[in-house]
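Heads up, the next two complexes both have chain A, just with different partners, chain B and then chain C.
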Partner chain A sequence: MEQNGLLCPDGDETSFKKGSLFNETLLSLRQNRLAMLGMVILVMLILVAIFADVIAPYSIDDQQLSSRFQQPSQAHLFGTDNLGRDIFSRIVYGSRISLAIGASAATISALIGVLLGSIAGFYGGRVENLIMRFTDILMAIPSTLLAISIISALGPGLTNTIIAVSIGAVPGYVRVVRASILSVKEQEYIEAARSIGAEDGRIVCSHILPNCFAPILVQITLGVARAIQVAAALSFIGLGVLPPNPEWGSMLSAARPYIREHWHMVVFPGLAIMATIFGLNLFGDGLRDSLDPRLKT
Partner chain B sequence: MIRYILKRILMMIPVMLGVSFIVFCMIYFTPGDPAEYILGVEATPESIATLREELGFNKGFWGQFADYVVRIVTKGDFGTSYTTRRSVTTELLERFPHTLRLAAMGVALATVVGIGAGIVAATRQYSIFDNMATVFALTGISMPNFWTGLMLIIVFSVYLGWLPSSGFAGPSQWILPTVTTGLASAATIMRQTRSSVLEVIRQDYVATARAKGQTEPVIVFKHVLRNALIPVLTVIGIQLGMLLGGAIMVETIFSIPGIGKLMVDSITVKNYPMVQGGVLFIALSFSLVNLIVDILYAFVDPRIRSQYSRKRVKKLKGGA
Partner chain C sequence: MKEQLLSIRNLSVHYIKRDSVVRAVNNLSLELGEGETLGLVGETGAGKTTTAKSILRIVPNPPGRIVSGEITFRGSDVLAMSKLELRKLRGRDISMIFQDPMTSLNPVLTVGEQIAEVVRVHEKVGRQQATLHAQEMLELVGIPGSRYGDYPHQFSGGMKQRVVIAIALACSPKLLIADEPTTALDVTIQAQVLELMNDLKQRLGTSMLLITHDLGVVADACDKVAIIYAGEIVEYGTLEDVYEDTRHPYTRGLFDSIPSLDEDCERLKPIDGLMPDPAALPAGCVFHPRCPLCADACRELKPELIGLSESHWVRCPLVL
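The block that comes next holds the complex of A and B.
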């Protein structure tokens, strides 16, 4: 509010403008049924992850060897796996891993991407050239392949999965942020801020970035979906999160040898991945439409 | 036009050099001695030292990187596979046709389904067809391709017994991998077609065509599609490139002997020259596909084409 007061001395007008953008977005999101569906899925998923201990009837490594490969029943909603573990409970706990990977990978890549993109867009010249060529190089490798090659060097594990998934997403943020910065950099209010002696860091953080907020937010929402999908793929080929962790991709990988006899081991973890990505994509698309109609695809 | 193509090819060189640097770094800084991997646990220190000398591992980081790049550029030599002791280039070229065929068939299917569904959805906006196509697209984009593959195997191989669940030799073995590969791309292409047809269909010249009594099929195919398909072309190109890299999962599920499966197998046994070569090879094909699409784009879009011819006219005038 303080920095906005600088540009708009009339305090009331500032708060009115801020409120109206937020309200407008919220209103148009509410009217978008698909986006609301996405949000409901997302909220449910977060609740499941938080209350996993309450929801899951069994623990993740509760093995009952006498009841292996059981079909879905009242005792085991999604059946049991090759070690007699309850698939429903494992999927419920798995939501924690997937959400953690999605959220942290998106945060890391957004932070790096926003930093590099701001530097490139704001300073231009040789620094910009260097950063943009670097993103060109990263973008020349398809993202799943890039993640696979990074993790093959780092070795499997949760942290390495997050790192591998994050790096591939950085170029997307750099491009979005740079493009938005270029579009507001020459505006008069930036010149005004500069004329009263504001430093570069302050101009970027207080005046430019808030105006690029919409595309970054959309990119983050879709980035979480992308991260979860790539991480599941890594775990599926045995390079990401390792068993016995109930990561959905690694559950699918463990189910593969039994696909002929025990379909339920394959169906439910996959449905969990699909529902999550579906929700995030719906919400991200809706957000894009309400925040910036020009970005509609 | 030729200058543009040449410029684009020249721009690819630093990018590829960068890719090879990144790939080289990843493998170089991975803990473990490659000479020990090659020779196995029974190797003597002397034999390891000899092999290190032979393979140039004593040259330091930049020396090794320079060697690597020079060998690729001059001889097309990506190194030797640790496991089979054969040339990485030979093995990659042997496997590439499978990957290319899978990606090409996937994109072909995705193009037909995606453009078809996109046109129907756009010309009958908000109808039941439009809603069905939208739901299909959203589901298709959200399904991870390895799960789609497994589900198709359960339905068509295990329960119905119609199609084989692995291999890539005959047409019956092509169907499931092609559908798995193409589904998500079909969804993406459908979304792009729908939005770009919707944009064009509201233009004044379409209203004019309608006003002069033109029939609906002619309006859609002659007036709308020609303009609407230009952005779709870019999406198709991007999808082809993505599928070349994304074929890894599909190849693993259906045991298709393509580059993707080769790479996953190589990662498990730490066969690094193979991994390096595979990543570089796919990155190169990815960039080449993008280049071809950009050139095609210029050919198809008269607005872009005219820019080049106008420049030529100006030059000719200036010369005279």
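The block that comes next holds the complex of A and C.
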């Protein structure tokens, strides 16, 4: 334990005396070029989503039937679709939907997962068995299939998409959280915390979970990417966010009949999905590399 | 006679494993008065830590189980306490210093937060007051209060143990259990930490149960000594009783194995053999396989603690 970077930052002691874990992570993240690329993509995406009104030249359902199927040009950066809507504007606005789904689904599933995982890991015994077997069952079902079944029960729409995507992601969190709690709870400082009279809730929240923060954070970053991907897939088969909302998956789906003549209708939404997930995954992997002391050389 | 603070009667703690029962503590009785310091001395695996953890009821269960006995702290039965009562007991009335300061502090919380936590758990004070109190505690153990916001890894081993002591004493407990507080430290730091503990103990009027395998530490700090072997007390008495009038062959063996500064000696004189496996204790006296005085009766009859005087007890009929 003593050698790893979490406990004793090597190098210049004075430069990062406060909040060493955070600073050190940032430092090693900065040296990782791919992770930085991921972060840049992510930040750009967030900025685009925030300033969508300023960036997009048209609104999402501005139809100009006279200018359908236009190739990319100065007037329409990414061209127009079968209803004469500006694809660039729709992709810009679509980033809001994708990020909203990704962020909220990851948050919801992380909350549920951390709660269940903590209970399972900390108390053990029958409760643990029950929770873990239940997650095993959930994991046995392919996540897309699970999302499809949930959404066909609940009906399509933004909220239901988020619910469906969240439920599918919960087992991953439960496992990660339980595993790290199991490894932390045997530490002597947990026993010490108990010996000062701290109650279970306090021990879990202020002693154990902060020590499990790294794997949970990584899981959340990668979870956002997965959520966006599954949501796009759902929209593609017409079960997710409903038109005319410019979800990237549903834009792809709408463009499918015209793929031979009008490549731009498919390529740009596809690129948007790809770039987003690529960026998030790069960032998540980089984060894991810098947070996990075992991967450090 | 000083007022009784802690009394342990016939305590037995077993670790129940799938195919064996480890008898860590057997029929152990202890008494500790207000303001006294008792040294609990024994080899690794003799059941010292288990005894200490039983007092706080933090023996890990499963596999550990307090099979029988009675622990009374200031008149109330610790073994019958509810979870809530136990939480109030731990940290406020009885607190514990763990063996290894490297692992008994949480690496992701600042030391100040960890001291303030005890205060906030037990006293109805706001964040600010707790912070203030934590800083006072730091100063008390000789660390500048300005290091409140530092993390454990920024401290050296001795400093960490000081922090642990500060945590243990933050609520002015009646009883301090120190589980080998100096084992993980080097000798000069050991002396400092011991001195600090003695000093604070006297100032705050705390009683102490000092667990150690270092007889020198005991001589420095304790009023009474209990020598524990394979979960049983083999000799028990005041410091003078045990050090000046050593009776039990095991205690003698312990003293003999300490090299003397005055004599030249080629080899150390250890006690032959090893501690018995606590999952398969020998019949009769637990020490008989290693005992130089072993007689036939020792192999079959379990000796009782015999009083030599008001304060001196020994578990061996052959040395009376």
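Keep in mind that, in the parts below, the second predicted complex is superposed on the first by the 275 of 297 C-alpha atoms of A that agree within 3 Å, B and C clash if a C-alpha of one lies under 4 Å from a C-alpha of the other, contacts with A are read in each partner's own complex, and residues count from 1 in each chain.
The rule we apply is simple: a residue touches a chain if its C-beta (ideal position, glycine included) is under 8 Å from a C-beta of that chain, and two chains touch if they have at least 3 such contacts.
Just so you know, these numbers come straight off a predicted model, no measurement behind them.
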Chain B versus chain C as contact partner of A:I141, first or second or both or neither: first
Contacts of A:I112 with chain B and chain C, given as first, second, both or neither: neither
Partner chain(s) touched by A:I259 [first = chain B, second = chain C, both, neither]: first
Touching partner for A:G238 - first (chain B), second (chain C), both, neither: first
Which of chain B and chain C A:E199 touches, first, second, both or neither: second
Residues of chain A touched, compared between chain B and chain C (which is higher): B
Touched partner set for A:L182, first chain B, second chain C, both or neither: neither
Partner chain in contact with A:N211 - chain B first, chain C second, else both or neither: second
Complex contact set, residues of chain B against chain A: 14-16, 18-19, 22-23, 26-27, 29-30, 138-139, 141-144, 146-147, 150-151, 153-154, 158, 191-192, 195, 241-242, 244-246, 248-249, 252-253, 263-264, 267-268, 275, 279, 282-283, 286-287
For the chain A and chain B complex, residues of the former touching the latter: 34, 133-134, 136-138, 140-145, 148-150, 152-153, 225, 229, 232-233, 236-239, 249, 252, 256, 259-260, 263, 266-267, 270, 273-275, 277-278, 281-282, 296-297
Partner chain C, residues of chain A touching it in the complex: 1-2, 6-9, 13, 17-18, 20-21, 187-189, 191-199, 202, 206-207, 210-211, 213
Residues of chain C that touch chain A when the two form their complex: 56, 58, 86-92, 95-96, 98-100, 102-109, 117-118, 121-122, 149-154, 164, 167
